[in-house]
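Consider the two complexes below, in which chain A is the common component and chain B and chain C are the respective partners.
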Partner chain A sequence: MKKYWQITKTSWSNGFVYRLNFIMWRVRTIIWFFTIYYFWVAILSQNDQVFNYDSQTLLTYVIGTSFLRSLVLSSRSVSAGMEIANGDLNNYLVKPINYLKNWLARDIADKALNLAFFIPEMVIIFLVIKPPFIFPNNPWYFVAFIVAALIATLMYFFFSFLVSCFTFWYPEHNGWPLRFIVFMIIGFLAGDTFPLDIFPAVAQTIFKILPFGYFMFYPMQIYLGRIPANQVGLTIIIMLAWVFILYKISTAVFKKGLKVYGAYGR
Partner chain B sequence: MSVIKVKNLKKYYKVHQKEPGLKGSVKSLFKREYQSVKAVNDISFSIKEGELVGFIGPNGAGKTTTLKVLSGLLYPTAGDVSVLGFTPFDRKPAFQKQFSLIMGQKNQLWWDLPALDSFILNREIYEIDKKQFKKTLDDLTKMLDLKDILKIQVRKLSLGQRMKCELVAALLHSPKVLFLDEPTIGLDVVMQQKIREFLKEYNQKYQATIILTSHYMDDVKELCDRVIIIDKGTVFFDGLLDEIIKKYADRKILEVTFSKPIEKKDFKTIRAAKIKKFDPPRVTFSVKRKSANSVAAKLLESFPVADLNILESSIEDIIREVFTGRDLS
Partner chain C sequence: MVAKLKTYWYYWIKSSELTLVSLVATRLSSILFITGKFARFFLYIIFLLVLKDKIQLVAGYSIDQLITFFLIFNLFDLLGQFLYRGIYWFRSEIISGNFDYRLLKPISPLFQIMTKHTDFLDLPLLVLVITFLVKRFPQVSPIELLHFGILSLASLIILTSLHIVIASIGVMTTEVDHTMWIFRDLSEMAKVPIDIYVEFIRTFLTYIVPIAVIFTFPAKSLYGLIPSPTIFIALAISLTVYFLSFKFWHFSLTKYSSASS
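Presenting the complex of A and B:
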């Protein structure tokens, strides 16, 4: 365990090296937040209710997904694809270290760093624009939301690693062509830009089967109390099952990939 | 006892072939043709504990592929490979803690952090005892004269300094087996010499088994008694460096300095000697080994010779001859 903790610490040190890059990345995150936030503010100024959401609930959804973006979708493991394509994976394969755990340790470092900046930024945003924000009536919903967010983080980690593994077979542009498609799908199907329950019932049935909605949409539904209390447990069980499935698939694909790995670039 | 055993190793790659130009690119979108490349084709050798063996061969001969198979990076297509009693591609931690792979063209150090951060990370990865780590680090930094640069960002180090740090990172866990792929590539002659001296010292001090590939014959000449020559994926020669000279050098070099002006046509009568270099008053001849003495005698007898030396062909020349199959004379 100690070696992975050291990887986390080294990743932090590395993250702080480029101050400008660091600041620009935070600025990017804030601009994205304002874009979505004011998009919905503009729509809500014309209508009290949009789809099934009143203004307070929808804006809370926007702020909540912004938090989940920092926690769930921030992932350095995108670079795993690059390491596979350019042969840097060699460095890990010759050492007594688990590649998947290595990326998990680096992701934890990155997410902690993200949150460390997200929280004070949000405090400032709250003080300046005073957005309407709902806290759950029942504290258990809040606890369930945190649990769901953490499980979603693991789900996304294994999913992202799986996408990186396809670079073994398609090393073109370090795996970015596939990665772009995945970003688009997630932007659309995870509930990042709008809640998924604005779609027709058929689409929602499909969303329930796919893993993407569990990255952001369903955890936010738990937070907002829009999932009946007796179904919260089931949602969490489905998410845990997804963690297990994605873990199994990603490790199996990684093992298969190693057999075709050319260890190029050296 | 053999530490490394390789028997009938084969490694074939499937490579996608594309015709040149835009037409070829469009065609390859729909139909791809693959060709099997035999990077390593049935090689066998074994290496004893403490041996320092040079792997030489032209680019694409299969040297690096062999090292990658020995390190467990690549699955062999066929054959048996054993290093320290382990099958490398099982990638058992017990095996990984006992060997190191150093590639001159790539680094394992964190680029934006001082080398010391990468060393500490390796300490945890290899689970090295803190006291032992400090002792090994002190030893290595002293041997490589590195003390002042450990806290400087790796990206700001010179190539030579970086290579030295790479060596330290790879040796902190005191590996018993070392695979070095072009460790002196791109370095100036002084730094090459320093790295060589270090490797020699390390080999002797720790009885480490080392395989070294290099395009610089000086590396091989100074460090390795035994060489394995690989060409087109097969072992061409495996033996002592001196034996290459005996086996393949069928010519000797005569370096003659004349005391009076001479011309090329003057040597027409000595058919057994071919002029290698004509730089009056100095002329270098290449002659068959068996006729070296008679040619020397004839030169002394028929020409105003101030000085004459009979030399062996250089190892570089011999190996070049072996690879190209050309006569050097």
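Presenting the complex of A and C:
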């Protein structure tokens, strides 16, 4: 445990070494926020209610997903694909270290760093643009939201690691082509730009079956109290089941991948 | 002059040909990249169509008009990537010192780095976007078409200029990727008309980083929403930005340290 804590600490320090990179990344997240936020403000300025969302609820959803993007979707495990493709994985295989735990430790540092910047950024944004924002009526919804957000973080970590594992079979471009498709669709399917319940019932059924909606949409539905209290527990159980499934698949695929691993580039 | 143009034309054709060969050689990757681009495009269109069922207007524009703005955004965004994808590889040349070799050749180094990777993977979607636009505007008045033509020219000039500025920043600071991505993110703001943003952001996107001139103005001209004087002002702005970007490029070269070479 101690060695992984050390990896987290080193990874945190590493973030401060490449300050310009990190600051530019944060600038990008602020641009994303404004792009989505003002789009919905424009819609809501001419429509009091959109898809059963009033102005306050919808804009809180946008702010909430911005928080979840910093927590859930920020992941360094993207680079695992690169390490597999160029043979750097060898460095880990000869050490008494678990590759998955290593990436989890690095991810924790990255997420902490992102949140450390997200909070002051949001304070400034709140002071400047004064967005409407609602807090849950029931504090238990807030607690359930935090729990759901943490589970979503784990879910995305295993999913992202799984995507990286496909590099074992297709190392071209460091596994980037598959990752590119994931990047293109993940935001849409997770509900980062708009709530998924604006879509027709059939699409919503599909979203419910897929794991992606649980990255952002369902945690935000819990926060907003749009999931009945007696179903919050069930939603969290479904998310935990996804964590288990994704963990099992990603570790199994990693083990299988090691059998075909040729340490190219070494 | 003609001989020089011929040389540049031949260089572009040759480097594009080599890029195409490499893209064909990595077929599966190319298919996956194209699939990703199409997925992103159609998912956004689906989102707009879902909005259309419930919403009449957004900042005074109908959803049909928003779709046009999105198509025009894609048109110029894809053109920029198709022509100037080479900029994404520029950082590695700067930090390795390989840019020295570009400086030694009797062809503009700027032209070499910007056009070294014509991205044919953007072509299928580009063709689709153009087809959609032609189908949506079967009968545009000649004057609107002229306005659109002039603004498209201004748009391409500014697009080129901003790529030159990004390359110049790269020479001076070795930072290219994030600057490029910030430019791309700012461009994404123009998926919808920039009128939806607050005054400060509108001013920034029109006069500081003229994203609005690249993406929003041509789309507006198709609906006759741009007065004639503004069109010529936009062209003047684009030529000024182009001139200044070259000045900045030449200045940046004086700061090139040839690191690692």
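Throughout what follows, the second predicted complex is superposed on the first by the 266 of 266 C-alpha atoms of A that agree within 3 Å, B and C clash if a C-alpha of one lies under 4 Å from a C-alpha of the other, contacts with A are read in each partner's own complex, and residues count from 1 in each chain.
Please note the rule applied: a residue touches a chain if its C-beta (ideal position, glycine included) is under 8 Å from a C-beta of that chain, and two chains touch if they have at least 3 such contacts.
Only a predicted model underlies this, so the values are computations on that prediction, with no experimental measurement involved.
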Which superposed partner A:Y18 touches (first chain B, second chain C, both, neither): first
Broader residue contact with chain A after superposition on the shared chain, chain B or chain C: C
Contacts of A:T10 with chain B and chain C, given as first, second, both or neither: first
First, second, both or neither for A:I198, with chain B first and chain C second: second
Partner chain in contact with A:L127 - chain B first, chain C second, else both or neither: neither
Touched partner set for A:N90, first chain B, second chain C, both or neither: first
Contacts of A:F180 with chain B and chain C, given as first, second, both or neither: second
Chain A to chain C touching residues, read off their complex: 20-21, 24-25, 27-28, 31-32, 34-35, 38-39, 41-43, 45-47, 50-51, 129, 170, 172-173, 176-178, 180-181, 183-185, 188, 193-194, 198-200
Chain A contact footprint on chain B (complex, rising order): 13, 64, 68, 71-75, 91, 93, 96-97, 99-101, 103, 105-106, 108, 110, 112-113, 117-118, 120-122, 124-127, 153, 181
Residue ranges of chain C in contact with chain A within the complex: 26, 28-29, 32-33, 35-37, 39-40, 43-44, 47, 50-51, 54-59, 175, 178-179, 181-182, 185-186, 188-189, 191-192, 196-198, 201
Contacting residues of chain A [partner chain B, same complex]: 2-3, 5-7, 10, 13-14, 17-18, 87-88, 90-91, 93-97, 258-259, 261-263, 265-266
